[in-house]
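One structure, pasted below without further comment.
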Amino acid sequence: MAFRSPDIDWASLAPTLVLLGASAVCLLVGVFLPRSARRPFSATVAVLGLTGAGVAAGILFGLDEEASTLVRGSLVRDRLAEMGQILCAAAGLVAVGVSYWESRAPVGERVPRELVDERERIAEYYALLVAAVGGMAFFVQANDLLSLFLGLEWFSICLYILSAIGVHRLASLEAGLKYLIVGSFGSAVLLFGSALVYGSTGELRFAAIAEHAGDAERLLFVAGLAMILVGLAFKVSAAPFHMWTPDVYQGAPTPVTAFMSAATKIAALVLTLRVVTTAFPGEEDLWSVALAVIACVSLAWGNLAAIVQSDVKRMLAYSSVSHAGFLLMPIAAGNALGGRALLYYLVAYAAMSIGSFAIVAARERELRSAVTFENLANFFWERPLLGGAMTLFMFGFIGLPPAGLFLGKFYVFAAVIDRGWTWLAIVGVVATVVSIYYYGGVIVAMWMRPPALRVAPAGGSPPRDRPLETAVLVTAVVTVASLVLAGPLVDLMREAVEPLTFPR
Amino acid sequence: MLTTALIVLPFAGALIVWALPWQTVRAAGGFALLVALAELFLWVVAVRNTDFASGVLQHDVETVWFADLDAAYKVGLYDFSLWLVGLTALVTVTAIAYGMWVGRARPRAYFGLLLFLAGATVGVFTAQDLLLFYVFFEAMLIPLYVLIGVWGGTRRHAATVKFVIYTLAGSLLMLVAIISLGLERGTFDMTRLGESGSTWIFLGFVVAFAVKAPIWPFHGWLPDAYREAPAEVSALLSGVVSKTAAYGLLRIVLPAFPDPVVDLRWLVLGAAAIGLVYASLLAFRAPDVRGVIAYSSLAQMCLIVIGLMAVNNSGLEGALLQMVNHGLISAALFLLAGAIERRTAGARLELLGGMARGRPRLATLLITVGVIALAVPLSTAFAAEFLILNGIFERGWGWALVGAGAIVLAAMYMLRLISGVLHEEVGPAVHAHALDLRPVEVAVVGALTVTLVALSFWPAAITDHAFADRPERAIETQFARGAR
Amino acid sequence: MDGPGIASYLIVSAILFAIGAFGVLVRRSPLIVLLALEIMLNAGNLALLAFSRHLGGEEGQIFALAVMVVAASEAVVGLGLIVAMSRLRVDLDVDKLRTLRG
Amino acid sequence: MTPAAWVALFAPAAAVVMIALAGHRITGRAAGVIASGATLVSFVATVVTFALLLRRHEEERSDASTLFTWLSAGDFRVGFEIVVDPLSVFMMLVVSGVGFLILSYAVGYMATDDEERRYHAYKALFVFSMLLLVQAGNLLLLLAGWGMVGLSSYLLINFWHRRRSAVGAGKKAFIMNAVGDATFALALFILIQQTGALSFAPVFGRAELMSDTLATLVALGLLGGAVAKSAQVPLHTWLPDAMEGPTPVSALIHAATMVTAGVYLIARTAPLFELAPEVHDLAAVLGGVTIVLAGLIALVQTDIKRVIAYSTMSQIGYMFVGAGLGAYGAGLFHLMTHAFFKALLFMAAGIVIHALAGEQDIRRMGGLGRELPWTYRFMLVGAFALAAVPPFAGFFSKDAILASAANSGTLGWILWGLAAVGAFLTALYTFRMLFVVFGRDVSAYAREHLHRERFEGPLAMVWPVAILAVLSLVGGFLQVPGLWHAVDHWIEPVAESIEEASGGTAVFSAVAALALALAGIALAWMLYRRPTYGPERARRAAPWAARTLEQKFFFDEAYDLALYEPASHTASGLYRFVEAPLVLASLGDIGATVRGAGRRLAAVQTGVVRSYALAVAVGLAVLAIAFVIAS
Amino acid sequence: MAGEVLVWIVWILAATALFASGFAVVLFSNPFFSALALIVNLASLAVLYLLLAAEFVAAAQVLVYAGAVVVMFLFVIAYLGGRADAPWAGGPTLQRVASVVAAGAIAVEVVVVIVLKAGDRLSDAAEIGAGFGSPATIGRLFLSDHLLAFEVTSIILLVAAVGGVILGSTVPPAHRAEAREREPVV
């Protein structure tokens, strides 16, 4: 019984480990620190942990010119994973700023701050947030089906809890339960698919799957592929697997929504890209078409449903469905340009998505009620900074400069056109045009609607929410900078997708 | 550097205006006006430093933007783009001055946005990279959207949405076209683009520009937008922004798609010719002042496109001259419309009339601009239309015939406008004690009118100083081919 | 290998998966939905083990064990949610969770 | 020589700028003085030019001068270019000379108007435009002047812009002239295409290379412009309406100068017309038809200015006959004498109108000969000149045209016939007007409204009329048939006229025309010397004819029916059936459809979590089955 | 041969129990009975696992799953008072029909694929050693090749535990009262 522990390159797990550590510290804080200190301390720990993870991933990014695997091939260490980690950590970091003054007290009930902290289990909140980022950091490194499944469950469970963390609001619980049920359903599908792929090729590792795909039992293999795609598309919230998204995004506490909308997409899409290119390159003709179709359905469904929303958060949720469509397009293109396009789009999209949800959060705190198009009236003139940023984001979502998403769309279209799928780009164009209705609606509300008469919240105007404003500012800067500094950014993304071999 | 300065100055001015601590019209507008005047001055400097004989790209700057797809920050001025930049600068000055005079609410945002619009427009006229061109092209939308939506008339929301949806649909189509073209040619550098034979890409560009210009039948946004926008925004929109589309046809479509231009000339010309007559007829029945100006603007854009599609010296020179002319004319007309609206309760022509009495300045300016607009011979508009129709005559006498007919219609609707406002008995909507144009209004409209009169005296100032050499000789080679 | 072939196990697993899915799709009690989800995950496990046997490799078994833990974790969170909801005096009926819709 | 011509051209333009800039700082009278002074400068400069030209040898009497390139496109360049040659100087003399007289007259005539300054500025603008037209050194600039006179004409017709009829008349004039401009421009396009230039010399030089069809089209285009500007059938209907303008305007623009520009154009582009003989003849035929048509309509007009206006049309018809047959000298000679006597008639009529406080209806006038004796005499001179009674100017010039027609074969004789009928009609309606206005007893209206000034009118109004009367009396001796042909000879370097008939034919032509004219006068004497039942009986006898004449041969109605109404209905129809439902509403409908689809899709999201899982399951089933089938 | 017959019998019994209990879980209206049926279900699965030579997994199944997880379910059901719902009341709705069809389609698809195409290749199994599936082997694998999986499962469990605490525990009522006193509801 020779027992040989595997050589684990702990350094390459640094981002995940740093996050796990930070999460643990946060949890302990909840036990040992006085209530008043919990919020600043746990937030600081979260910031440090996320920064540390990001820096660690950045250092690894600098070091890793060649991809390598670890723990007997179940994880991979390459620039794609590290880029994913950096982005997820950044999303988490911004989310901390958005979360800082979040009060999850029931509407209309004012409670002292320390009590709110206690009730909200602020330390656990940050612990889970950081742990979720840790799960994503692990997830994007996954190199076999087992790690994939475990990583997915890791961050998913964190997100189920985070969504439901406003335990005094039925909406939050409802969101959590719905997410859990549908999410587990998706996980089960993913699991069954993994089993089929495993059975037909005898391998769990992506590269090995690709090697053995030739002599695999083909029908089982493609059925497994279909199920894995569904499981991932579910996480990406692509239609028709997206139906949890609006409910969860709307019901979850807004900072959580902000975080989820950006980070989940980053993690899931990066891994989708990795899975389809490394494990299923031979089935490119299947998944590319499937993803293209899913992208189209997402664009259509997300945009059309978004038009009729009155709740801004829900509208943004549907918009995230439609952007899932845009994000699947470059993967469907199956070329290196698509890889770069995906990552570039993700940067701009993530920044704008968090930023816009953050602004919704700010308005929520101001109004103490859900943000609708109605009560967003006059927002720009009341809060020029936030309103200006929101304007930037909304124009950006449409794809207008100076937001980086403009170039993102350009890149995405370039990728699919390069593949010869101009029709897909046209679908994207039509979807974008439709999207003007609701993004424009936000702008109309903020700029052009006269302010509604409303009773000012007791205690006058809310105190300045510096962390949130900083977060919004950061996202706005990233949004613009990603356009101006597109050159260096694209170069980074090029390096990030270098480890992958694209079928086209 | 000069080109970059021309682009950056308005943008920087916009940022500063937004950040100004004073919220008064005088401070914000005054500063914006200074910036706009500085821009005009820069343009004069550029004119003085431009060699009109060479015909090559001048004052150009190139910095790699992202090497991945060979996109660069590349800007520069051709002799013909210089005139459009000048048009932008001048109309912006007048628009800001007029806005100050009117005293728009929320001045910082307003004047900042006007400057932003100017910067983006100048960017379109100077960009030498397809992607950069597109960035500026889209950037124009943002200020327009807000300017119409916030400061517009009572039906501004619908107008805004319509405007944005139309133009964005068009320009996104152009994005697809740009990408296809860029990938096909391997670069986005407009000066190294070469020629493409793809009909579909060609059509993508044409439709995009046709929406922006607009050209029949893509003008659904036009009447509402022009009616609902503040007068000076309408002036900028129809005077300057619409020219970007014509410029795009000139700078991108003609050189890059020589064969499709020839093969599908009938299509574009057909739409433009129908549009010319159609818009002229609708202008003749439009019930209000702005409606007449709006449809006449549509007609004029169709005429410009006809000139461009002639693809010969006469047509191109005429089209360029007419771009500048129409920019000045419609800016002046919209500002006058604004002035009229301030003096009346609603600008329905049937309720107006008799305003000439006791208001010689209004009458003089409206008549002067109006008759130039209807291309009375010796006016610069006449010179341009003559060249345009002469150019298209070489391609087919029928087109020129339609154009000549439309000129008669132009006389009809312009005279109807002039008479409807100025003549006969005083209309019920006219405020009895409304004053003549005030000095600021006279200065603003007068500046445009004087420019027009000066151009009428010497239209060759533009036609002799443009197209010294065709952009990369592409148009010239096309000219040879276009003849077949 | 004695007895029925691997294919038979797989067929059983597929049917079990469908039964579980059916449960999730038709039941309104969140508790039973959770139970059905457990069945689905177990169906996956059965497939994994069958393949593991078929291939003679133990990775499938490892996978199955991990899934078991994950299933337990989901159950914990799910039950926690149900308890929390019961505190808000909400009917335990997923069809009545319709404050978020449209 | 050319500097003087430039001075002549720009002096009125300078006056416009001065008056416009001065605004209220100067009096209306000062503005008038500036305008007429500038025209005097033009006239003096023209005389200098004329003198200089006269000193040159006949072959060298042509000089062009380009100030700068006005318009260019590639190799095609058009200069701001004037040409000084016998033809242009001839026209300049008429324009600036008669123009000066009329502008001076207007200072008095308009003295009571409160927008006098505007009036004088427009008037000076007109003189500039007209000079540009006749001096232009190339066809484009000619077209520019052509359009500018149209513009000034528009501005002056609706000068009294509170009158609905004046505004309508202005628009009508402008639009009908725009039609002419358009055909003119189309002709130029062909010329550019064929000759690559627009300056006279190269165009005429290379025009011979054109095919017959193209040459015909060019001539037709030019003729279209000429017909519109000169109010010939069928584009004549604007001219009577144009009488809404102040009377000096009618005198200057709609009698003496602008409307005769068509004749100038035909003479100027004679080489082109000669390449297209059919069109050349067409011009003459149109002229001939107009002579009779206008003469007939004039018989029933009751507005003093309209009577004169129709006579103008008719007289220009003579000029067209002359120019169309190639008798340019005769045409231009008639142009000049017509300028004299028609301006005289208008201005005399202006005095009458002025004296009657703006009344223009001849039925309310009568017996004014006693009240306004000098005016009566002036008018008489004008009437004799118009009726072509020797020794008045009209006789000689009309005789020249008739003699030329008599020498032009069958078509010439037909046209001669028309012209002869015209001569009869002219005499008839002219003297009808004269007798009705000045003869008979003083009418009730006149008794009530007549206000005499010191000398029938302000002095400023009378002396120009007197000068014109003298010119109408002696102007004809410039060219006497059979003796000397000063005008023909003068313009020969530009346009060579055909030979007139001589000998017996010439004598017959002259005597016959004179006889017809005298017959007309006699008939007028019988019918209109005092109120008779003659006209009424004629009306009863042929009501349809009377109606046709009173409705001016239904041209206005026809145009309304054929052009205006369809255009107006098309516009409304386009709006109702295309613009509103398809273009403007399209987006709204699409938007509603999209919104409806969105509403349905959002309704799928019922909030029931099981349905969400179902969506996943269905999606999975579809995808998996598709994959399996695809493999 | 006898062994094989025995295996067949056991297999058939286990499979039958599996399906029966599975349907029972899904169809019982009372969650309490459903949970009990799940125990049967898990136990029959464990039998199948044994037949597949997965001894350790089978043991874990019984101990962890049937023993712990289901018990937890039972506690919660007992705590909440297992309310019955009527799964079939109201006749066939779109949701139900579609559910049957979709679930059936997935099952049929996999079954068809297996029976038609993969049946032959999957019929035989690899030769395995005696240690296959034994706790020792699994344990060694968990601590060597799949160490990470092992660690991660523990993290997931920890996270779930934290979540259970957050969601399941209550705010002390004292604090609530205190809150109300200090600041009235707005």
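When the chains are written out, they are named A, B, C, D and E in that same order, and each has its own residue count from 1.
Keep in mind that, in the parts below, a contact is a pair of C-beta atoms (placed from the backbone, for glycine too) under 8 Å apart; a residue touches a chain by one contact, two chains touch by 3 or more.
Note that the structure is a prediction, hence the values are computed from the model and not measured.
Shared contact partners of chain C and chain E are A, D. Among the other chains, E has the CA centre that is most remote from the centre of chain D.
Across every pairing of chains, the maximum count of C-beta contacts belongs to C-E. When every chain is reduced to the mean of its C-alpha atoms, the one closest to the centre of the whole protein set is B. Chain A and chain C, compared by their mean Cα positions, are separated by 26 Å. Centre-to-centre, using mean CA coordinates, chain A is 43 Å away from chain B.
Averaging C-alpha coordinates per chain places the centre of chain C 96 Å away from that of chain D.
Per-chain CA centroids place chain B at a distance of 36 Å from chain D.
Looking at chain A, one finds that residues 146, 150, 153, 157, 160-161, 164, 167, 176-178, 181, 185, 196, 199, 218-219, 223, 246-247, 308-309, 437 touch two or more other chains. Residue positions of chain C touching 2 or more other chains, listed in rising order: 10, 17, 20-21, 24-28, 33-34, 50, 54-55, 57, 59, 62-63, 66, 70, 73-74, 77, 81-82, 84, 87, 94, 97, 99-102. Across the assembly, chain E contributes residues 95, 98-99, 102-103, 106, 109-110, 113-114, 118, 122, 146, 149, 152-153, 156, 159-160, 163, 165-167 that each touch 2 or more other chains. Judged by the touch criterion defined above, the protein chains form a pattern that is neither an open path, a ring nor a star, and not fully connected either.
All chain pairs in contact, by the document's touch criterion: A-B, A-C, A-D, A-E, B-D, C-D, C-E, D-E.
Taken together, the chain D residues at the contact with chain E in this complex read 608, 610-611, 614, 617-618, 620-621, 624-625, 628.
The touching residues of chain D, counted against chain C in their complex, run 602-603, 605-610, 613-614, 617. Of all residues in chain C, only 10, 13, 17, 20-21, 24, 30, 33-34, 37, 40-41, 43-44, 47-48, 50-51, 54-55, 57, 59-60, 62-63, 66-67, 70, 73-74, 77-78, 81-82, 84-85, 87-88, 90, 94, 97, 99-102 touch chain A in the complex they form. Per the touch definition, chain E reaches chain C in the complex via residues 3-4, 7-8, 10-11, 15, 18-19, 22-23, 25-26, 28, 31, 34-35, 38, 41-42, 45, 48-49, 51-54, 56-57, 60-61, 64-65, 68-69, 72-73, 76-77, 79-80, 82-83, 85, 87, 95-96, 98-100, 102-104, 106-107, 110-111, 114-115, 118-119, 122-128, 132-133, 137-138, 141-142, 146, 149-150, 152-154, 156-157, 159-161, 163-168, 170. By the touch rule above, chain D contacts chain A in their complex via residues 591, 594-595, 597-599, 601-602, 604-605, 607, 609, 611-613, 615-620, 623-624, 626-628, 630-631.
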